[in-house]
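Report on one structure; see the data block that follows.
Letters are used for the chains, namely A, B and C, taken in the order the chains are written, and counting of residues starts over at 1 for each.
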């Protein structure tokens, strides 16, 4: 109890210190926002409302944008999941047939994971050109890195014991994977996969904004053209899309009995 | 009779400097039922796992069925492992699969290629699994998930999985440590009868000295990785027990092997 | 008890799988595979064109690997700015969310309408990606770190409010009732009973969000707010890969340190 209290007071002072230092550095005044209140009001009332109702070609563009964004998120996550599953076998300390591989694979995944998806997108844009393909690969990289770690931990957590029994019976590496890991970890994998889809749907919108295509690009073009009414409609559309997908994944979690 | 398993001055040192086995030499002949007793951390588990190379040893050689286990790798190691049945404290079943599938996992070592990957076992293996489960009294549960069984039933599945391998030796790592007294007795009886019927030698790690006395034909006492006793259960005296466990006998729940004490031992 | 019967397939082979097998996972996987393939085909990515440019990608990575330290002061100050934005947005949202989380938790004010309304509002805010909020803030209050902080705050507050409300609701009702029966007001119940018992979870959530906020900050620059993202995007666009590579490496290094630090704090928490 005493050490817990000490930990929290140390954390508290660290936070206060960071807060003061950052405020000094960024010269941020939280009340600044109130000076701009008029601006906000004008912006919201005059520019944003009412949301424009898209017709004809515009409506089609929005729908296509949303469809592209969803397709990008879904297929990128699936491709990443398959690759991550294979890699995770070599990242797990219990299963890996090569003794030294977990260290290297995990280090590699950590490196990929700690660079945001958008940075990957920018690096790839500069070499491969702008387009949905590059957005797809950028999403793949970041979710791949995330899932390698998540899958490897699932394998280490769940199947520790029953792998030993299969190995003791003389099963080969591939047999252990199909008869031990897959049956016992599949649900854990699916749970992470659904989480990744949620995350990727948001990032695919953002990656779209810088050139990956999809609804993000549509939104940015309207924002840059000062067409705020239409932008508001698109923001609402994005929110609805995200909420619907979240509801769907939650439904699937219940249906698949993952909790 | 020729020994089926021989330990020749085996030593195991872990990376952190802990010495789990110190210069262990022993041999096992067919038909023997050997209990290994000793306090926690005395190297019992390491001893068993070094036989099928789930843990590799540092020095010395282990000969099983005419082959040097320490030198085996890859396919030869798998082949060797398929001749060794193993039973675990935590049953180590895949709980999402059916009881039959779990038993048939014992045949994986004999299969290769795509049939092994997809689990397309030969019909005779399936029939054999069924008869084995009948012998264990579990035929009603064949198509249930392994996770839905009770502890004693799970361990019976574990025994069936080991037997279906047609093993030349059975290794049991604390088979009754997670069970209640009555299931423990059932499991020990079953283990002894199945092994004797087939003439398979058994190596059993045990915490309970009375159980060891009751079932074994030979007892090995381990202390800090060294064999301090190797002989008949009858010659296991109090002073020997003190040497194995490093504490006075009054602190151990051990004694004669009549029914009352047997139950008391479990109650503690 | 029913008699045990061997189940066989139509061709007479013995079946070995479970009777009450849950096939939903299998159907799910097939469904996902089909949808992903369709989605992949819909995207119609020109792979051959991209493959042709792969050598160029190698060159870019090669150039990124050659760090150019001449602009290090620029990178350093941009990095500090990014960190400040991340810290400030996390802390302000933390304070705001303690308040909103209190409103949203069902076991404190015991007013279902209030908590549902608060939750619904923040669910909407959370559904819109952070960069969109930052862009909107930039339109309102102009370029610079303030817009970044305000925009990040919107999303972070929404995230925290839901997370905190969950943690508050997990506090056992006996704890709350004990203080209520002693005559404490709702706010003092919150401060004295709910908050202390939820602290470990709050620390975990904050740590997790701080990691996310840092990487969000790093990308905000790319859509126009300041900080390290701006440095990365302008230097990549200007073909100054050495500087960009160094900046990306710095982002990685700091994200890695933050991750390690919170793993350390979590292990300390568990040890307590």
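By our rule, a residue touches a chain if its C-beta (ideal position, glycine included) is under 8 Å from a C-beta of that chain, and two chains touch if they have at least 3 such contacts.
Since we're looking at a predicted model, the values are computed, not measured.
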Inquiry  = Let me check something: if the centre of a chain is the mean of its CA atoms, which chain is farthest from chain C?
reply    = B
Query = Which pairing of chains accounts for the highest number of C-beta contacts?
reply = A-C
Ask   = When the centre of a chain is set as the mean of its C-alpha atoms, what distance in Å lies between chain B and chain C?
value = 48
Query = Taking each chain's centre as the mean of its CA atoms, how far is chain A from chain C in angstrom?
reply = 8
Message = Which positions in chain B are in touch with at least two other chains?
response = 97, 101, 119
Remark   = Contacts with two or more other chains occur in chain A at residues 186
Message = Under the stated contact criterion, what part of chain B meets chain A in this complex?
response = 52, 54, 78-86, 88, 90, 92-97, 101, 105-112, 116-119, 158, 161-162, 165, 171
Remark   = The residues of chain B that touch chain C in their complex are 97-98, 100-101, 104, 119, 121, 123, 126-127, 129-130, 139-140, 142-145
Ask   = Hey, which residues of chain A end up touching chain C in the complex?
value = 1, 3-4, 7-8, 11, 15, 18-19, 21-23, 25-30, 32-33, 36, 39-40, 43, 67-68, 70-72, 74-75, 77-79, 110-111, 114-119, 122-129, 131-134, 136, 186-187, 190, 193, 202-203, 205-206, 209-210, 219-220, 223, 228, 235, 238-240, 242-243, 246, 252, 255-257
Interfacial residue positions of chain A with respect to chain B in the complex = 159, 161-162, 164-172, 174-175, 178-180, 183-184, 186
Key: Touching residues on chain C, where the partner in the complex is chain B   = 1-2, 4, 6-7, 13-21
